[in-house]
Amino acid sequence: MKKVLKRLGVVMVCGAMLTTMMAGCGSASSSAAGSTAGSTAGSTASGDREFEGVKLVYWSNWEATEPQGVVITEAVKAFEEETGAEVDLQFKGRKGIKEGLIPALDADQQVDMFDGAQNKSNYGDRILCLEDLVAENDYEKDTNPVMMELSRSYYEDGKLYEIPYQMKANGYMYNKGLFEQAGITEVPSTWDEFLTVCQTLKDAGITPLTTDDAYAMQAFGMHLARLIGDEEVKDVVNNGGWDRPEVLETAQAFEELASKGYFSTQVGSNVWPTGQNTELATGKAAMYCVGTYVVNETKGITGPDFQWGFFGYPELPDGINGLEAMVIGNQSFAITNKCENPEAAFALITMLTRGEWDAKLSEESLALPADINNTSWPEQLMDAKPYMDNCTEIFATSGGLENNPDITPALKENLMKLYAGTCTAEEFVTNMLAASKG
Amino acid sequence: MKSKKKEQNFVGSYSLRKELSLVPSYLVLVLWVGFTAVILLWVIAASLSTTSDIFTGNVFGFTSGVHIENYARAWTAGNVSVFFMNSLIYSVISCALLILVCAPYSYVLQRFQFPGSKLIKTTLAATTGVPVIMVIIPLYMIVARAGLLRDPIPNRIVLIVLFVATKIPYTTIFLMAYFENISRSYEEAAAIDGCHPIKTFWKIVFPMAQGGLITVTIFNFVNIWNEYFLSLMFVNSDSLRPVALGLFSMINSMQYSGDWSGLFASVIIVFLPTFILYVCLSKYIVGGLTGGVKG
Amino acid sequence: MKRNRSMIIAFAGPATIFFLATFIYPIFRTLVMSFFSIQEITDPISKWKFNGIGNYVSLLQTPLYVTSWINLFKIFVIGGCITLGVSLLLAVILKSGVHGKGFFQAAIYLPNVISAVAMATMWIQYVFNSSYGFLTTFFRALHLDFLANIQWLDADHKFWALLLSYCFGMIGHFMLIWVSGIERISPDFYEAASIDGAGKVSQFFRITLPLLRGIFRTNIIMWSISVSGFFIWSKLFSPISADTSTVVPMIYMYDKLFGAENTGDVVRDAGSAAAIGVMLCLFIVIVFTIVNKLIKNDDLEF
């Protein structure tokens, strides 16, 4: 089990310019040298059709009918007209990319670029280092520096192999209508305030919290990461450190939430998407610790009038980090080593992650834009913007709690019991200790 | 035909007493089918309602009317008519080839002991246990590197060959049981008459296994029609895509974008052809042996 | 005999070659891979590192993997009894001379034709839902509150919910196999038995069961094949990440092969995945051998 060591440490300064120095990491981007890749193909510059005769094969992990798929199709058409390149866009779906792309590349199928979930380090030398292209095109200045740092942190050499887009932030998504109804005017930023909010909601006859099994790790993981940081959380799940006092403390916090009746009565039987769809989206429960993607996933139920709110995971009195540390994720683009025209592929990526098309992607799919100049966020996600703008430390998914897939199932089961009030904090710790022993 | 007549007489003479003794049977069947009907109706109703109705438990209410447009949305998943045609070609040819290959194969495996026959049987069983992914990806590497996926005709042939090859173990094991239950006396009689065993098989034994052949064809057809992974790997052009690939990607996209009523509509569209085929073929199963064997 | 030999060669030769050509290389490759440390299933042999039985040892020391086999055995044994038993019962009922046999048969088989995604969603969102679901509403109407209040999808009941819904679908499939087997039995037998005064039950045990021996054996093998490939239902009952009560070896293998969701660091381990494949394959071979030993391959005359 070799682990790619992540440098998910603190990245304070916004102007982290150290990265521009990292030239010359890949052998690949030299193959089509000489073309005018430096120009901004993504903008409205037309006329010169700089990629006339270039053919690109682009595998997408979206489906053609998803909002992202629809926008990408349009953008690719515009790109073809503008640059004269010919793009073979194939929607392979998440499954197709996850299962099919590496075999296809290894069987010498032509695929120039693709998109998919963040962290493509498992592709190894099948994808190109993008530092040169990013530097040549002065690309970096318009992406949130923390995101760029995160994208680099996946690779052992600390270089950039993927371009982030479709950002998502995790925290408490809540129903503003229900908050108003209970007379709550301010979102909680500390644990005590959070407890008060729960009690106020409950007094108003509103179920404060719910979750689904699939997302059960997020709240607990964030809580524990507030106490010990995400690297230590990973250590707990990987090395069975469930007897640490912070684990018990976290479990007790949730035991308290459960015993005070803050969780929905059916939370124990919520199999995704039951909780988010039948409780959160229908207005039966007020808060749900999850990612901003839930807005897109439930839009068929909430309708356009639902008032979404977002607040970061509350700060704890004895925590070692605060609201500046949060879970942020993204999708990303990468260029394969089969690509003969990385400049053209990069120009298409630039077009999709900058300006007009980035804004359109964000708007249609209710995700966060990649371009920091795109300030018109989808209204439903507006609340997440200040948190993201002030974020200086990015936690791993669920604060690192999902880092060990061998332990996640047992964890999920016991967390759901903890939330449902059918197991105590002590029992939780005992069960987890038992589950992690070989 | 003789035996069928007998059965009818038999049923006729004991009619009333028989019907009474069948009451518990009817009860079981009606309850079972009733439950099936409720859940199927739920699926159909869900495909005609809205996502928010589904998740508030109001599927049968149709409070916001009937939403046919869910089907329109599902139907736009690209070139559905081409996909349908492709699926039909792949499924029908593969099912026919499977019967032609596996019926004689399972017959000789069941009837005769020959060097290696035991080993072959065990290997057949073993291969069904190997996860499909472990079989398909290595094959894909060979086929793709050989350049067989570049032109449409070889690509189609590769697909059909793979559909057939991957179903051989299942179909053969399945059919062996049917040949086992067919008496050898027919073949012995034919052999005395001087009939060549190959001819005996096709003329006499093959028709007697009709029930099993049709049953396994239904299973194969449903499987190939709904096949996803193999076509995902091996089909690189829209014009060759089977319907399952198109509509399953529709189902996936609707799941991710939370369009659950559209998902159920796609499901019904994928389901209908196999359902219609099943209804047509099930008539023959009911006919079964009694209709199939002459003399 | 000579003519038989020519037939055996003609019938078995091409099929065997065709079948071996597709399967032997992948299977052999999988077997060899299971003794190496490999990241990607497509990695060239130069990247493989010999690991002896290391993959097997570390798998068997992982509690989750052991759990996945326990779940598989529970599905195999309990689910097998339910599925094969109920499907045989339904098949016998169908053949007992009820009217509308074709209709009932088609209706019972129907759930098989529908995509598993839809069926599982229907069970989870409708039948098992604990606020407005079918079971809750149904039992409440009967005033059986202790049954109505069961949370079918919580950690204690989820496995049984999964098993129940899976079996419900599979019963139609196996019923069809039984029916087509019973069709093979000549009605003359039953007629003769009825004249001798044998009741329905004794007819079942004296005629139907013995004559269905071959089908019975095949059904057990088919069941073990379906169970060993158990994947999509488990995936739908615990989407995104696996679940202790529903995890099965295929799920575990999939996560090894393609990396589990949400872990951050994507760890792929094709060597262990191959080892799981080999163990699943052994499972089928063992069931096949035992069943063939227990239920003798007599040549039945009728």
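Chains: A, B and C, in written order; residue numbering restarts at 1 for each.
Heads up, the rule we're going with is that a residue touches a chain if its C-beta (ideal position, glycine included) is under 8 Å from a C-beta of that chain, and two chains touch if they have at least 3 such contacts.
Just so it is clear, the structure is predicted and the values come from calculations on it, not from any experiment.
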Taking each chain's centre as the mean of its CA atoms, the one lying farthest from the centre of chain C is chain A
Nearest to the mean of all protein Cα atoms is the Cα centre of chain C
Can you check how far apart chain B and chain C are, centre to centre, with Cα atoms defining each centre and the answer in Å? 16
Between chain A and chain B, the Cα-mean centres are separated in Å by 41
For chain A paired with chain C, centre-to-centre distance based on mean C-alpha positions, whole Å: 37
Which positions in chain B touch two or more other chains at once? 55-57, 133, 137, 141, 260
Of all residues in chain C, which are in touch with two or more distinct other chains? 41-42, 125, 129, 131
Going through chain A residue by residue, note those that touch at least 2 other chains and give them in order. 99, 103, 106-107, 274, 278
Within their complex, state which residues of chain B touch chain A. 50-52, 55-57, 73, 76-78, 133, 137, 140-141, 144-145, 149, 229, 232-233, 236, 249-250, 252-254, 256-261
Okay, in this complex, where on chain A does chain B touch? 62-67, 69, 90-96, 99-100, 103-104, 106-109, 273-274, 277-278, 281-282, 296-303
The residues of chain C that touch chain A in their complex are 39-43, 61-65, 67, 124-125, 128-131, 151-155, 157-158, 237-245, 247, 255, 258-260, 262-269
In the complex, chain A touches chain C at residues 1, 3-4, 6, 98-99, 102-103, 106-107, 119, 121-122, 124, 154, 213-214, 217, 266, 268-272, 274, 278, 396-398, 400, 402-410, 412-414, 416-417, 420, 422, 435-438
Chain B residues touching chain C in their complex are 3, 6-7, 10-11, 18, 21-22, 25-26, 28-29, 32-33, 36-40, 42-43, 46, 54-57, 59, 101-102, 104-105, 107-109, 112, 114, 117, 120, 122-139, 141-142, 162, 165-166, 168-170, 172-174, 176-178, 180-185, 196-198, 201, 211-212, 214-215, 218-219, 222, 226, 248, 251, 255, 260, 263-264, 267, 270-271, 274-275, 278-279, 282-283, 285-286, 288-290
